[in-house]
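The following pair of complexes shares a single chain, subunit A, combined with subunit B in the former and subunit C in the latter.
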Partner chain A sequence: MTNDTSTGTVSAPKSAAPEEHLEEQAFKLSEWMANQGIFIFTAALILFAAVFIDGFVSLPNITDVFNRAAPIGIVAAGMTFVVISGNYLDLSVVAQVATAGVVLIAVSNETSIPVAMLVAVVIALAYGLVNGVAVGVFKANAVIVTLSTTFIGLGLLRWATGGSIYFGPNDGAIRAFGATRIGPLPLAMILFVVVTLLLSFVLTRTTFGFMVRSFGSNREATRLSGVSTPWVVIGAFTVTSLAAMLGGFVLAAFSNTAVSAMSDGYDFAALAAIIVGGTSVFGGRGSVLRTLLGVVFVSVLTNIMVLSGLGFGIQQMAIGLLIVLAVSVDALARKATGI
Partner chain B sequence: MTDTQTQPQHAETDDDRSDLISRVRTILGRRTEGRAVALLSVVVVITAIMEPIVFTSYEVTLGRIALIGLVALGLTAVILMGELDLAVASTLAVSGVIMASFESLPLGILAALGTGLLIGVVNAFFVIVIGINSFIATLGMLFFLRGAAFVISGERPVRLTNVDAGIAFGQPLIGPLTPRMLIFIAAFVALHIFLTRVRVGREFYAVGGNREAAHDAGIPVTRRVFTGFMISGFVASLAGVINTLERTAADPTAGSAVLLASFAAAIIGGVLLNGGRGSVFGTLLGASSLGLLQVALTLSGVQVDVQNIVIGSVLLLAVITDPSSLRAAAGSMRALVRSRAGP
Partner chain C sequence: MPDRDAAVDSQPADGRVGGGDHPAPIIEGRNIVKRFGGAVAVDDVSIAVSPGEIHGLLGENGAGKSTLMRVLAGVLAPNEGAVWVEGHKLDPGDTRAALDAGVSLVHQELSLVPEMTVAENILLGSTPSRSGFINTREQKRIAAEALEEIGVSVDLDEPIARLSVALRQFVEIARAIARKPQVLILDEPTATLTPAETTYLLDMLQRLAGRGLAIIYISHRIPEIFAICNRVTVLRDGRHVTTVDIEDTTPEGVVESMVGRDLQLELETHREDPVLGEVVLSARGLRAPGVNDIDLDVRAGEIVGLGGLVGAGRTELVRAMIGADIRTAGETTITRDGTTKRIASYRSAVAGGVAYIPEERRTDGLALSMTVVDNITLPNRYALSRAHVLQSRKIVDFAKNLAEVVNLRPPEIHRNVGQYSGGNQQKVVLAKWLGREPDVIILDEPTRGVDVGAKAEIHRLIRELADNGAAVLVVSSDLPELLELSDTIHVVRDGQIVGTLARDQADETSVMALASGQTKVDAP
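Entry: the complex of A and B
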């Protein structure tokens, strides 16, 4: 693992030790790409879309981009904690988003929205605890653990719902939330920005956030400095679970419906956004604000592909390629800086 | 690792006996198949009582074991080196689709197997040359290849041109054994010999145990990792070819269920995710218990969703009851207690 304890913030480029500046004047393209590339790429992509893609710059389309970006963005903002803590990703967000959405609509139809939210919070905490304990206490591989909890969670959800679609009432608060917007901004997008700022504050200004970043940089040093590392991992997974729950609420509110298959591909989309934003999949380096930028990039890219009439298969290929390329840039940058 | 040196102060008369016991314990301690044996016994006993039909209709059971086991065999080679190949599920789908797209059957099979090898090379390139963690690299490939399978197939199942060959392929060849089972047995024997008797294969264990040390000892680590990923890519595409032949069509969504089951088979079989420990035999035991479990659940009329819950739980249990996980948990618990007691 790395012994780099510095954690990059939003704008500060990761500079090598100052003494080495004279020898290290050479411009490292890969390092620059890993740290600053996303700003240029996002701007270029939006410019490209605005000029060449018919119908990109229109109020309905921009609102649509925001509506689709918001739930993925909220999930990605939360999952940034797991990635920065050096645990790769949480695949089970797929199951969590769908469960939260179905619970919100199905349970609130029977009882009330607060009860439904309470049930969803309990489920989210359970997910965070199971994933966090398996990864943090048992030191099991996060990919395998969350792969199995995905199958358990989706299996439970499909078994409980029988795969049926749930519709919210037409005059309910859920629909009102999903339909309200201020200018081109749906409420969901505003919630996404608020969640991002809140999680960014937690990550950069609180002890817990510091521990997450420190654990991602160097587990052993963090443990030796007296931090109870299992709690850090459980905390990171719980943050992800709560964010996935919110993402599920927003997704359900957007269409006022919920079904167990509604969050297919959220794990990859969120991971792509996080990595493209410049958060290192090797842990320790990154920020929630960068994830916001990554979400914009991935959402605009998807929108361009949809508007150009490219099929589902091409979209999946593009996201997969994006993940591999972004991580390659990160890995090459790490090699270039010699850490 | 093993606790053989814990009782040095025995009386002299007990020496021989304790020596024997400690030797047995050493041998058992080296084996990692314990959990697979336990699960297999439990599953066998329960199904023998609840659904004895599973054993009379053994063609179905064997077919299922071969389905899960073949992909798991290829994975074993990669996991032994401490890497992971999540792309196997999509490799299976994409090679099946490519095979069905060809008019000529032999050409299609060749193209499919070549695709598998190529995917292995690409995976290994990202892991060893670029230096990406194999979980993430193959996760990206999983998505990319799934998309590719959709694009090539036009998002719907592709029918095999030569349907007769497919139907013939599903028939028993020797006794009750269909070609699928024979291929599985051949792959098992070949990989077992490769990993235990062939130098290149034995070096997989060294690479997985300690990569630095393996490199210093003169083992070409890069080439071994390439070989490992090529084995898993090849075996996954072989599974894709067999699936396509048996179903006489290639489904671009194939393989997502196999992913979970094959990982579970390898991990239950005691293949350590950090590399260096495990055996093909353990994977066979893991695949057997899972195959038996799946068939038993299906025959008892249990829904696929519930089966997924069961298999997922088994995988989760398998990962956290891994000896190293249990040790880590014990350490974590001590740390937790200390941090509670401390300031």
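Entry: the complex of A and C
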């Protein structure tokens, strides 16, 4: 593969510095891993699971893996917008998912599902606006801002609910959604795929998605090209918020219950999927489809560990390790492209 | 005039270069090869410099000069070849080892910490300490000594941020000197200096060489090379072209080696009598940080040049004019088809037909990790979409067409812009704005860091734009360029227009005199 050593000079002694070659190869490898790695690794992991893990290859197990991945997958697909816009992440998805779930069940118990959904949409737009204005207009640090809005949101939710668990009616549409299958495919899983494809289209093919990517690649150049950059940031956070809301709906529908603690760890899980998929935390580079692959990878890996009887502690450790690896590869790849 | 093919062949295989009886070299780069990915930046180049020698290094942009120097200073590890200092081979890519061996590099981009003081910066990386505590007295003593050696007086406790660009450059040199180097490498140190400051620097270097320091001096300015260098090495496309004693060559010979072809250095002709229309871009009473009460008009079909020294406020002026930065007073208007509109914000300027080609194309002009197509699409996104959905086929045709107009080489529009040379990157910046068919074009240092060929093409494009009726405003510190392009030149100093010269009155002397404040010429 590496046939680039010959320069055609006779006199040049080939006294190459070995460490330099190592470094160069590390760069090339990381660039390759950041770009192509996820495809190969996902395929390899699935193959590994199919061969070595008892009970992995069965329709119930596979649809279950994907179905369970649906809420986090939808959240991650949305959060990809914030990451690609170069604003790191939206930690407040934790509060947003729980709020949407609680609102869906609690408000629909009092009124109706459409009203509950409308309330949830308003809340999602408010999250998008608050996060987006703080980060996009005031240029505040996204990590701190969204960590704070998580506190605000969860605090508000706990205060409003008093920590109670809400149950939907047993014969309601929410429960039906969580349990319905079209053929062998659960409805939640289909929604996950549809949302992913839709967001992928928005990111790659619309002027808004284009501005998000461009802003993530170079903010000032994008501004000087006549783009209203605060709106780009507000838009990216709003997409994330609407996806977090949908994720909250799906999560609540699964169990027909909602509680303020239902989405613990969603911030990190979504980030894991995005980063493992190969979307750069430096912004500009990545896609929603990569996030889908990242979700598949993390879900299959978790499933393998569950089926192998490894405890939650080990699972948590493995995911943490995976992210350290993925962000390191991302940083090396960025250095390799010299940008 | 040296025959360049013969000069290429005359480089012996053992890595020793140049003829004559020069004293033993103190630093030698032998058969250096440096690749970045697939691109070969330096291809089998050898260079040797003796104590007391000032060795000029010349070449067009992208010829590999800076890369070679970074290899010599241990900043980059070569893929092949090695650096020898006083007969000892240096560990490749070990900056510390190179410093310890006495090789100091004065960086092209200033690498000082703005918040720290002069003394702290001079000792940065080698701060004297006693059991973990900074020895402030020793720090100041060494810093003062280094500054005295180069003959510059500046307050040691002054933060760098408060110094002028020139003083920062001198502090940078003092920093290199403080390490007691045997070899000093300077990469275009005069790029941001005034003529007087340049003379001072050149004298200083000759003094340092007189004390036995070996100096490698990179510059684009050929008169400087001929003023101080003993020998020159010319690189082209990463290859060694020639190394000659300065008395054995001429400026023309050196230029020919650099470009590899007979290049007529005659000035490009002015445009044939430009047809000037009504005033399109107009600023009145403009104030902003660094901009002091400016009135400025640009007519349709006119190229107005803004001359002046670096830091005179020209960039601030054009940015305030179009709303890219805030202005504190005054207003700018654009007149098109008889209707005059105020520019309220940068976006309204762009919507009103303004194209702005910023000074820093890598940070402000382009999204480097995106493709040529993407960069061209950015300002044209609404014209290239229907119901906010981008039309891929239309976009590709659009970008291909513009790549052809600006003569992008190679015309691979799906490549990342970051992979292109400076000249081609600048062509992409032009292309993205040409697509909007702007009425007003503002160019800030349009050909900085651009090679000779691309420069001529960019000049051609600027002239064509004006010929087609655009109002063009050019900021340039490159005097020949400014004189060549402009129909009218306003000279800016301290944020004010201190003189206006019609093109038949303007020459290098009159512009520099105004820019440096030696005279004040009233507008005719």
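The criterion applied here is as follows: the second predicted complex is superposed on the first by the 310 of 339 C-alpha atoms of A that agree within 3 Å, B and C clash if a C-alpha of one lies under 4 Å from a C-alpha of the other, contacts with A are read in each partner's own complex, and residues count from 1 in each chain.
We adopt the following convention: a residue touches a chain if its C-beta (ideal position, glycine included) is under 8 Å from a C-beta of that chain, and two chains touch if they have at least 3 such contacts.
All values derive from a computational prediction rather than experimental measurement.
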{"item": "Dominant contact partner of subunit A by residue count, subunit C or subunit B", "value": "B"}
{"item": "Which of subunit B and subunit C A:Gly226 touches, first, second, both or neither", "value": "both"}
{"item": "Partner chain(s) touched by A:Leu47 [first = subunit B, second = subunit C, both, neither]", "value": "neither"}
{"item": "First (subunit B), second (subunit C), both or neither touched by A:Thr207", "value": "second"}
{"item": "Partner chain in contact with A:Thr150 - subunit B first, subunit C second, else both or neither", "value": "first"}
{"item": "Partner chain(s) touched by A:Gln316 [first = subunit B, second = subunit C, both, neither]", "value": "first"}
{"item": "First, second, both or neither for A:Ala173, with subunit B first and subunit C second", "value": "neither"}
{"item": "First (subunit B), second (subunit C), both or neither touched by A:Val194", "value": "neither"}
{"item": "Which superposed partner A:Ser217 touches (first subunit B, second subunit C, both, neither)", "value": "second"}
{"item": "Subunit A positions touched by subunit B in one structure and by subunit C in the second", "value": "223, 226, 228"}
{"item": "Touching residues on subunit C, where the partner in the complex is subunit A", "value": "13, 31, 33, 35-38, 40, 43-44, 77-82, 92-93, 324, 346-347, 350-351, 356, 358, 363-370, 374, 377-379, 381-382, 385, 388-390, 392, 416, 418, 432"}
{"item": "In the complex, subunit A residues that touch subunit C", "value": "4, 7, 9-17, 19-21, 23-24, 205-208, 210-211, 213-214, 217-218, 220-228, 284-285, 336-339"}
{"item": "Residue numbers on subunit B that touch subunit A, as the complex places them", "value": "84, 86, 126, 130-133, 135-137, 139-151, 155, 252, 259-260, 263-264, 267, 273, 303, 305-309, 311-313, 315-316, 319-320, 322, 324-326, 328-329, 332-333, 335-336, 339, 342"}
{"item": "Partner subunit B, residues of subunit A touching it in the complex", "value": "88-89, 130, 134, 136-141, 143-145, 147-152, 154-156, 158-159, 223, 226, 228-231, 268, 271, 275, 281-282, 311-324, 327-328, 331-332, 334-335"}
